[in-house]
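Each of the next two complexes has subunit A plus one more chain, namely subunit B in the first and subunit C in the second.
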Partner chain A sequence: MSLTDLMSMAKPNLESREKIFARLCGRNFLNCYLCIKCTSGCTALKLLELKPHEIEKLVNLGFVDELASSDIIWTCATCLKCFQRCPQKASPYHVIIALRNLAVEREAKVPEAYMKAVSQILEGGLAEQPQKVANKKMETCDREGLKLPKIRPPKESFQTVFLKALEEKPS
Partner chain B sequence: MTKVGVYVCHCGLNIAGVVDVEDIANYALTLPSVAVARHYTYMCSEPGQRMIQNDIRAHKLDRIVIATCSPRMHEETFRKAVSEVGLNPYLVEIVNLREQVSWPHNEEPQRATEKAKALVRMGVARVKLLEPLERQSVSVEKNVLVIGGGIAGIQASLDLANAGLKVYLVEKAPSIGGRMAQLDKTFPTLDCSACILTPKMVDVAKHPNITLLTNSEVTKVKGFVGNYEVTILRNPRFVDEAKCVGCELCTQACPVKIPDRFNENLSQTCAISIYSPHAVPKIATINPAYCLKLKTKNKTVCGKCVQACEAKAINFDQEPEAIQLKVGGVILAVGSEVFDASRVLEFGYGRFPNVISNIEFERISDASGPTGGKILNPKSRKPPRSIAFVQCVGSRDKRFHEYCCRVGCMVSLKQTILAREKLGKKVDIYVCYNDLRAFGKGYEEFYRRARDMDINFVAGIPSDIRSTADGSLYFDVFESGTNKLLELHADLVVLANGLVPSDGISKMKELFHVLRSRDGFLLEAHPKLRPLECSTAGIFLAGACQSPKDIPDTVAQASGAAAKVIDLLSSGEIELEPLKAVVDKDLCSGCRICESLCPFVAVEMKKEEKDGKEELKAEVIEVVCQGCGLCSAACPTGAIKIEQYSNKQVLAQVAEAFPAAAHKGGSHR
Partner chain C sequence: MKLAVFWGCRILTSQYEYEMSVREVLPKFDVELVDLREMLCCGDPVKSINDFAADYLAARILALASLTGVKDLLIPCNRCHFVISEAKRLIENDEKTCGKIAALLREEDLKYDSNMRIWHVIDFLHDHVGLDRIKKAIVVPLKGLRLASHVGCQILRYSDLGRVDDAENPVKLDRLINVLGAESVDYAEKLDCCGAALTYSHVDSALSLAGSKLKALQGLAVDGLVVSCPDCGMMFDSKQKDAAATVGAKLNLPVLYYTQLLGLALNIEQDKLGLHLNQSPADQLLAKIPS
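And now, the complex of A and B:
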């Protein structure tokens, strides 16, 4: 591709673009015609400046490297609005997840919170530890107080399977 | 001894740019029975056709193979060319080297050439087995059935009637006028829709050559091109058409209020009503689903309209009436529906009363509409301070309809202009779009006009629309020109709903065995060269039932379809294609599979005496058969076959396709 990003002098990386393409399960970023409906509704736009349509377009043009090493792809809250509402079934969400996979593959820096979530799943089977909540009367209660059943730790076999899945690199 | 001529067309560089045409011609000469083989730049051109004709005379050729584009393109051209020099036109075989070879295989020229040679070899094997066929003529009825009384049906009926043909115009609603009658103004000239449509509606009612059948529907169709037998069901109005004067005294007396369909349910009408202010015919109709007397089937109930009617026109004893017609041609003009925006959940149509569709906006803006032409909020009945239009609702959206609705952009532009003119400078108007398409004559200028009227064009589509407690609306939209997330507040949101195939279209498919394209609309015989007709002979298309259309295109297509019908019926007789199914009675077992499969109802089962026993045999009604071949493929005994596509003729081709297999002892019937 005879294309250069004059801001960073970056060149498109077509090999990585192909890799992302293969992970989209038939959802095609080429179909995006920039109606920008995804960014209009993006949960992560206001605080974290995530613009799904820009990511969609950048990947389309092959500027993958900058994205794969950026922090922005980790800001997506995976609310799936863009996936459900996209008129072209192009789904920026799938592109972002593919970029995250690429980043892990390249051993790029993954935000602390994600690593924490992984170790929590490994230990307790949950991405988040149960937290105390406040009710209308401003009393804090835990699961026991709300008479919810205790959460059992995962079976031992779960850890083996989970670790194995982590080690396996996607083809 | 059969002498075959093979002609390879270059089609400019379309074919010659990929396959080696000279090599193919040389190869053809080595095939048995081939006397002449040539290649030429444009075989369909006058010198190309003359080359074939000269060879037929000079070499006494009796079979011709032409390796060129699709037979849908020029088969008829070449048939005509050979018949001019005395050869039977059905002794020509077309080999498709363009759509089936050079276009799909343009990256592999060598293997493409090999495939082309194989196809030519197969064509030569087949052409030797072809038999001369004669075309049959049948006389035609000089009457035309037009289905659908919208602007397409009206225009086609008037053109046909003026040309002297007898027209039956069938409309399922109680009045003609269709969608156009619901519109306020029309783009790009801002003509008042009623002003230009109503005179035409009146012309239809008055024309001596047009029989207007409103409140009616087609229920049964039999026959074939030139000789269709059609049954039309006239649903009862429960009002005597000859007596009713359209005074509306009955409507004032009727106690039952029902949603007004003509006003998109934005206002109410009565169980007895006149369809619209400009209705033609202006006759009251009782809706039997709501009328107290008809609903309860109790003769003592209500009857207020009977008391009010001075003309004594009301007749509760009317029955549905079936009418039989014989017509030569049919024009389908059943139109389209407006997309139901409640399917797009994120826009809240149906949940929020201030989110309306573009057709509802038309009724609100129309002087004869529910608000008397004042643009008001449906809920608060106050003029809106800001209006937002959202484009491409249900169209260009793979979740609903992939196609462009072709009218949404222009409709919204028109409505912004109407809103600006009616509400003045103080109202804020926004259009959220992703591509604004203003493609027709005078359309771009119309877009300019809207831009000059201080309309805000926002390049971006909102993700969802939200409502505040007081019913006003707001949404976020990322504007791509400024790269900013904007929040927009609007009292009224108008969704630019697209046009979608109507129920009428699926009914037409069943009745006339016409085809639908992938988008659900009726399929034309050829998108470029035969856009006004169906592939079923004698059935023509007009208006939005073929694809979404605006008024100029609809009227143009309607006049075009009318001209095609006049062309078909003017001479009083037509020639039929002889490629029909024929039955070998000795082989037919009377299993009726062909009868059940035939989409054109062209197979009849006849009882026959044989050796003192009665046997059931299939018989093909030649004029009805379209030669589709379904029966032939399904026949378990091989008794029914299509002329020119017998097993012998087809299997000779198959054997040539796999010469190696044939040598290994593969035999064919």
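And now, the complex of A and C:
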């Protein structure tokens, strides 16, 4: 007899669950006993309705595909309270990161800012471009004006190696 | 002593006052900062895209740091500190990841160095420099200032990784504030997150988190908020006006980096500490410092 989610008629996918396991690098995961400490302290709960214990349980049951294509995994503020407070040392944070990685691998919808950050790193090493800021007198200042050292970009060889690292998938 | 320093993106591209104040303050305690050969991302945003690639970036930074010949690495950003600490532990405990990363680093003649010791500004000042030495160096005691501290999430959690201070009851930043003559005030929202990570996907929620915390603090009539992470600085200082608009409150709370506050107590010129760059009304706090 297999499980069916009666709200969506979805069936568990144990192969996808294995993919999450592989990405957790041996971290605890099956131990969650739903005490809901993670959710009661979750930064993203009030505003964005993230419920870490649900994520943990859904992955446990094998409903991974639904989560990997859901927006909910992108609402985590990565404050790490869930893992810190888990009496079973399960880590909703690491499960969420693994789900995000799987979503990217499957080319699901990923918030644009993340992809932009990666392409900026490929181009110049940093995830952001240096900004001009205003001082008290409303004059604009940059690093040079503030006598801060010039930004030293990575060597050209970095781009090729970083691209290789990005193509790596956990086996 | 010599201290290699990895700044991360946020400090280098917008939170200049943090960089300026760290560069001014640490030499007063006989620290010589050594910049790395290259300036890179620690891998934080990449973690969500490909965890392995993030670990590779972190390992590359540790490899670059070892090229300086210095064995201590300062990482003033909470996120970078976390990402690099976590990658370091994975590489040292997981042979497979270690092998793959070593192979990638070899392509650029780089070598991972497991002996690098990682510091944040908070534990470096509290544990290495020490409160006594800081106390002796004070020129202008910051008497009468009531300040709130915000340590930020990622240098506190998760404890298994070995973090800078206690996860539920951090005290180091408060002690560092108190030793300057100011008073660090305890408050209920102390461990609340600034929301910076949500700026990637949910900007309004991020601003709402920052705004709610600032609003609560303003209710306590503190003279200012002290931070030690460029992401928290960005949310509470640079984006204070946006946060105010999002939560529908009038916010005017001075927000400073701890190193700026320390610099004031050491009588360093305000412009050298980047105090003219804070977007929150820092002047309100400066006016209360006895001269």
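As a convention for this text, the second predicted complex is superposed on the first by the 147 of 171 C-alpha atoms of A that agree within 3 Å, B and C clash if a C-alpha of one lies under 4 Å from a C-alpha of the other, contacts with A are read in each partner's own complex, and residues count from 1 in each chain.
Methods note: a residue touches a chain if its C-beta (ideal position, glycine included) is under 8 Å from a C-beta of that chain, and two chains touch if they have at least 3 such contacts.
The model shown is predicted, which means the values in this text are computed figures rather than measured ones.
Enquirer: Based on the superposed arrangement, let me know which partner A:C38 touches: subunit B (first), subunit C (second), both, or neither?
Expert: After superposition on chain A, A:C38 lies in contact with subunit B alone.
Enquirer: So in the superposed three-chain picture, is A:L14 touching just subunit B, just subunit C, both, or none of them (first/second/both/neither)?
Expert: A:L14 sits against neither subunit B nor subunit C.
Enquirer: Could you tell me if A:A22 is touching subunit B, subunit C, both of them or neither one (first, second, both, neither)?
Expert: After superposition on chain A, A:A22 lies in contact with neither partner.
Enquirer: Of the two partner chains, subunit B (first) and subunit C (second), which one does A:L3 touch, if any: first, second, both, or neither?
Expert: It touches nothing on subunit B or subunit C.
Enquirer: After superposition on the shared chain, which partner residues are touched by A:K51: those of subunit B (first), subunit C (second), both, or neither?
Expert: After superposition on chain A, A:K51 lies in contact with subunit B alone.
Enquirer: Just checking: does A:L30 make contact with subunit B only, subunit C only, both, or neither of them? Give me first, second, both or neither.
Expert: In the superposed model, A:L30 contacts neither subunit B nor subunit C.
Enquirer: Comparing subunit C with subunit B, which touches more residues belonging to subunit A?
Expert: More residues of subunit A are touched by C.
Enquirer: Would you check which partner chain A:L61 touches, where first means subunit B only, second means subunit C only, and both and neither mean what they say?
Expert: So A:L61 meets neither subunit B nor subunit C here.
Enquirer: Go through the superposed model and pick first if A:K81 touches only subunit B, second if only subunit C, both, or neither.
Expert: The answer is both, since A:K81 touches subunit B and subunit C.
Enquirer: What is the shared patch of subunit A, the residues that subunit B and subunit C both contact?
Expert: Residues common to the subunit A contacts of subunit C and of subunit B are 81, 89, listed in rising order.
Enquirer: Can you check the complex and tell me which residues of subunit C touch subunit A?
Expert: So the residues of subunit C in touch with subunit A come to 9-10, 12-14, 16, 19-20, 23, 35-41, 44-53, 56-57, 60, 82, 90, 94, 97, 100, 104-105, 107-108, 153-154, 157-160, 167-168, 191-193, 195, 197-202, 205-206, 208-209, 238, 274, 276-277, 279, 283.
Enquirer: Which residues of subunit A touch subunit C in the complex?
Expert: Result: residues 23, 25-26, 43-44, 47-48, 74-81, 83-84, 89, 91, 97-98, 100-101, 104, 110-111, 113-115, 117-118, 121, 125-131, 133-137, 141, 143, 146, 148-149, 151-155, 157-158, 160-162, 164-166, 168, 170 of subunit A touch subunit C.
Enquirer: Would you tell me which residues of subunit B are touching subunit A in their complex?
Expert: Residue list for subunit B touching subunit A: 346, 392, 396-399, 434-435, 459-464, 475-480, 485.
Enquirer: Using the touch definition from the top, list the residues of subunit A that touch subunit B in their complex.
Expert: 31, 33-42, 45-46, 51, 53, 81-82, 85, 87-89
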